[in-house]
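One chain, subunit A, links the two complexes that follow: it is found with subunit B in the first and with subunit C in the second.
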Partner chain A sequence: MRTGGWTRRVILFCWALFALGPVYWTLITAFKRQVDIYDGPRFIPFVDFKPTLQAWRTLFGDGGGGFLHMFWNSVMFATASSALSVLLGGFAAYGLARYRYSYGPMRNDDLSFLIVSQRIMPPIVSVLALYLIFINLRLLDNAAGMILAYTAMNLPLAVYLLRSFFEAIPVELEQAAALDGYPPWQRLARVVFPLAAPGLAAAFLLSFFFAWNDFLFSLILSFNKAQTLPLYITYLNTQSQPLWWQISAVGLVALIPPAIVTVVLDRFMARQVLIGGIR
Partner chain B sequence: MAALTVTALTKRYPGGEAPAVDDLSFTLETGQFGVLLGPSGAGKTTTLSLIAGITPPDSGEVALDGDPLDGVPPEQRDIAMVFENYALYPHMSVRRNIAFPLRAPVRAGSMSRSQIDQRVQEVARTLRITELLDRLPSQLSGGQRQRVALGRALARRPRLLLLDEPITHLDAKLRHEMRTELKRIQRELGVTTLYATPDQADALALADLVIVLGQGRAWQLGPPDDLFRRPAHVRVAQSLGDPRMNLLAGLLIDDRVRVLGQDLPVAELPDLLPDTRPVTRYPAEVLAGIRPAHVEVLTTPQPAAMAGRVLLHHRLGHKDVLHVEVDGELVRAVTPAGEERQPGDPIWLRFPAKHVHLFDPGTGWALRAEARR
Partner chain C sequence: MAQSATLVERRGWHKHVLLSPPLLFFAGFTLFPLGYTIYVSLSNWSITGAHSFVGLDNYVRILGSNTFRQSYLNTIVFAVVTVLLQYLLGLAMAVLVYRSTFGQSVLRLLFLVPMMFTPVVVGFVWKTMFDPSYGPISFFMDRLGLPAVPWFSEKLPAMTTIVIADVWQWTPFMFLILFAALRSLPTAPLEAAMVDGASGWRLFFDHLWPMLLPASVTAILLRSIEAFKLFDVVYLTTGGGPGVQTATVTLSAYFTGIRSGDLGTAAAMTVVLLVTVLISTTILLRILAWASARRSRRDLGEAA
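What follows is the complex of A and B.
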């Protein structure tokens, strides 16, 4: 077992190098001067180059342009649209899991598929349609519009993911809560949603990442007020020369919110293991 | 006082051919232990969920302590239920599971936090699960889960307790223990109880009132002893008693019944329920039922005894069951333990007329035979 343990450690170490390498490179680049970036590879701060805060001063100082504004936009759009997706998706999924619907020839499975099918076509197709709709609804370059667009893209996944989570919760638990004296909303709040927490957390994470990483929607549906962080990075790239030190600094900042969300929600996802054997 | 009154309750599920519950009526007095006895698919769980209000009935009425419950949602009925799969909340400790109904919005403010703690302790003591209070349901054995489910149901002293096959899934030894426990707890708390089970031993051991359910209908209801001695229907006769009652083809001629060549005088047949239907046409083909325990087993030929052959000797420990072939028919008979018999041994059986029940072979209802000349 000892050798097995060592092989595992070596493999994990190599994987960590591979995964963290780019992050490390971004990190040191954010503290380099222009000359240190273009003048051959330099790996270790204080040894082969002298770190500088130049990039950070520009970013948070006067030269940052709309950095803070776009950062705030990204945080707000991703958080609000994920929360909406989980909330609306949660109720839709609960309905699909617990009630029998019949709209013309459509049954629950058909409705489920119809909802998921919204995500089958490439986003570029729906974004063009959204653009035209948004012009008429005056939602272009508007925070509400962006949140709406991300929610529309995330809802299908949330519904699809959560339906199976709700179906796995025995209906007897809700009946038991009813007999124990809890009205319908309380049954959801005290029994159903806590048990679906791992699913809700997973749906929130996926939604958050989609909105946070999105470039296309922001590019087409916003042009000034409602722009997000990925657009800011491309501006840094399309000037006379790529401002690598600034791009790296923004990249590092852009890692922080998803990391926080992941760490916070991981606790809920882990609950599944603790609860186990629902039936 | 009537605690639970069920009147003409009927429920048909969409797509179901026959109603799941069909015109069911019965009454349970305060503090009584009622047992719904029937095989799976008889409508037991449906009946319980109709009473609990989980499923709305198509027609009929449920009343608790005289108050009709139509339109009252389950959370306001003050009925507790133990589900077949226990339905413990997996994300709550045993303590929180038991306290859950006490903290319900419908009872908001009726108990203080310390009163709730005290009640949980009390219930845990009664059910002997005090040491399990801080565990999660996933860390409990089947028997322990069953106790916790019972504790959760009893903690708030409900007006009515419904139990859906609570001990069916326990192993035999535990089942026996829990049966005794259930009776003790129910007596101690005096809670009116309705218990659904496919196991006739539960019914005989626990019930004040047995309702024999089949295809959604009540075939007979009454005290277990009464149902055992005077079954109104062949289903009732077959569902109570272990081993099952023997059913044999008989012919009713004038003043006697002929079963397997033995003639039994009609005048000696057992006492029947007052509303038992009389036989209208003579001679009549009937089903003659006799419990294995009432079959006389003889080792030597005797007057009026039928000769047979041992097919199987089945030991139960405290008694033995013989499967005997008589004239091409199989007859089960209970004999004292310890008598050595081999398959193929000759044996003689005699049916005492006072233990022979007659049933209509078509409808299954019990028949009253009158001596005719």
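What follows is the complex of A and C.
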């Protein structure tokens, strides 16, 4: 299978160009001045144009508008909802792995599928109704409301992912802990959760990824104080002359958490999560 | 399982406490909103709150409206075209990287970079890439003597930019799953086939691809579910334009419900979308079950 080495290399190179070209473009745009953009495309820093920190100064200085506020919101909502998803999802996944349920005709597998099947429903179906519900509950444009919505979004995934991790932990370990006199909740906290740490980390990171990337919920359920980073980008974008350099800088900042997520996931669990998790 | 059940079966109420939060969230954030949406879709609910029951009027009206049919058709076209392209490209890259003897992990990480971008940023990046005046793509096409393409002011080019942006972002996802699947495959059948003299395309179609079938269907299923939700990139690049020619159902429902305040009609749109997604997902799940069964028949013992 080692024939056609050159064809293979050329194809891989072209794909790398396609995959990374826009990344490079974003990177250099974030260091351009207005004139370097509206004077036709320029590609090579220091040769074509003189890099500047103008965009970054505006962003982190006084001209950033709501940048820091929305950035903080994004971090807070994603962290809180992921933690909640992993905690509640972890308990439920443990239950599904260790106990037998029968709710009417539903057994463990059915319940597991029922929970994960929520992800199939396009979010626009529920978010229009949630808008009306949130108005009545005074949760619109409210941090608690956003965190609850993101938790609802990520909980199914956490339950589904973690179930297989808990099933892989030998039940004998728990029995041993029980013989040592640990009550059930402590067995969970001291034995089961630590052993499932890679799974918990994976579930946390994936949840964070989805909450961080969300746009639709934020667009519809917040309008001022609970807005997140993607909305900041749309504000810069809709002005008559979009602030390319500034949006690129925000884009690079927004890239950091998902990049960490991807690298970490790739390192120690891509196989388990994607192949082991899907059965 | 049986053992563990006896361990704690006596104190049965614990297990209900464990499972109740996801079920409560399911009820509060999926089931109830779904029922509410259906209820709203049967009324002329306005964003100001005024409403009265109108039966199936909204459905009759949107199914007869060109605007909605356009966005519905777009959603299907986007889903089919992007998922198909992502699968084919992701598969090709997975096989090519798998066959590379060096630099595998570096290539893999580089290929994953587009997936790390926030969808809104992806929309913006490709909007600037395709910008007719200041973007690099128009610049290079001009240098190569190619005619200028009105990327955002005509339907087909606008659709193409959206497809390219989506393919750019999500091919890595297909790549990731298929590459992981490739690495988990047993090498023995492949080596045996190679000893028998099979090579190149024969090896791929007769041996490799059938073994990748379950992972393929899983990846396609997961991507399809997401593809029907397409919104962010369209919102950022074309905003559904020119006119509403590149709108998706989610975009139409957003504009109708929130911007124009006609929640009843918007709700009806989302219900039609949901039914479509459910039908497609059911079909794909059937295929997945079939593919897995076929795989386990092929190599008994390994699949377990």
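Just so we're on the same page, the second predicted complex is superposed on the first by the 234 of 279 C-alpha atoms of A that agree within 3 Å, B and C clash if a C-alpha of one lies under 4 Å from a C-alpha of the other, contacts with A are read in each partner's own complex, and residues count from 1 in each chain.
Assume a residue touches a chain if its C-beta (ideal position, glycine included) is under 8 Å from a C-beta of that chain, and two chains touch if they have at least 3 such contacts.
All values derive from a computational prediction rather than experimental measurement.
Applying the stated contact rule after C-alpha superposition, one finds that A:247 touches subunit C and leaves subunit B untouched. With both complexes superposed, C is the one of subunit B and subunit C in contact with more subunit A residues. Look at A:156: by the touch rule set out above, it reaches subunit C but stays clear of subunit B.
Once the two complexes are laid over each other on the shared chain, residue contacts for A:173 go to subunit B alone; subunit C is not touched.
Looking at the shared chain after the overlay, A:182 reaches subunit B, while subunit C stays out of its contact range.
Once chain A of one complex is fitted onto chain A of the other, the partner contacts of A:98 are limited to subunit C, with no touch recorded for subunit B.
When the shared chain is aligned, subunit B comes close enough to touch A:194, but subunit C does not. Overlaid on A, the two complexes show subunit B and subunit C touching the same residues of subunit A, namely 175, 178, 271, 274-275, 278. Interface residues of subunit C, counted against subunit A in their complex, comprise 1, 3-5, 7-9, 11, 14-15, 17-19, 21-23, 25-26, 28-30, 32-34, 36-37, 40, 89, 92-93, 96-97, 99-101, 107-121, 124-129, 134-136, 139, 168, 172, 176-177, 180-181, 183-184, 194, 199-200, 203, 215, 218, 225, 228-229, 231-232, 235-236, 249-250, 253-254, 257-258, 263, 266-267, 270-271, 273-274, 277-278, 281.
Of all the residues in subunit A, the ones that touch subunit C in their complex are 1-3, 8, 11-12, 15-16, 18-20, 22-23, 25-26, 29, 37-38, 40-41, 43, 88-89, 91-92, 94-96, 98-101, 111, 114-115, 118-133, 148-149, 151-153, 155-156, 159, 171, 174-175, 178, 184, 212-213, 215-216, 219-220, 229-230, 233-234, 237, 242, 244, 247-248, 250-251, 254-255, 258-259, 261-263, 266, 270-271, 274-275, 278.
On the subunit B side of its complex with subunit A, the touching residues are 49, 52-54, 73-81, 83-85, 87, 89-91, 100-101, 104-107, 136-138, 152, 156. Interface residues of subunit A facing subunit B in the complex, by the touch rule stated above, are 170, 172-173, 175-183, 186, 190-191, 194-195, 271, 274-279.
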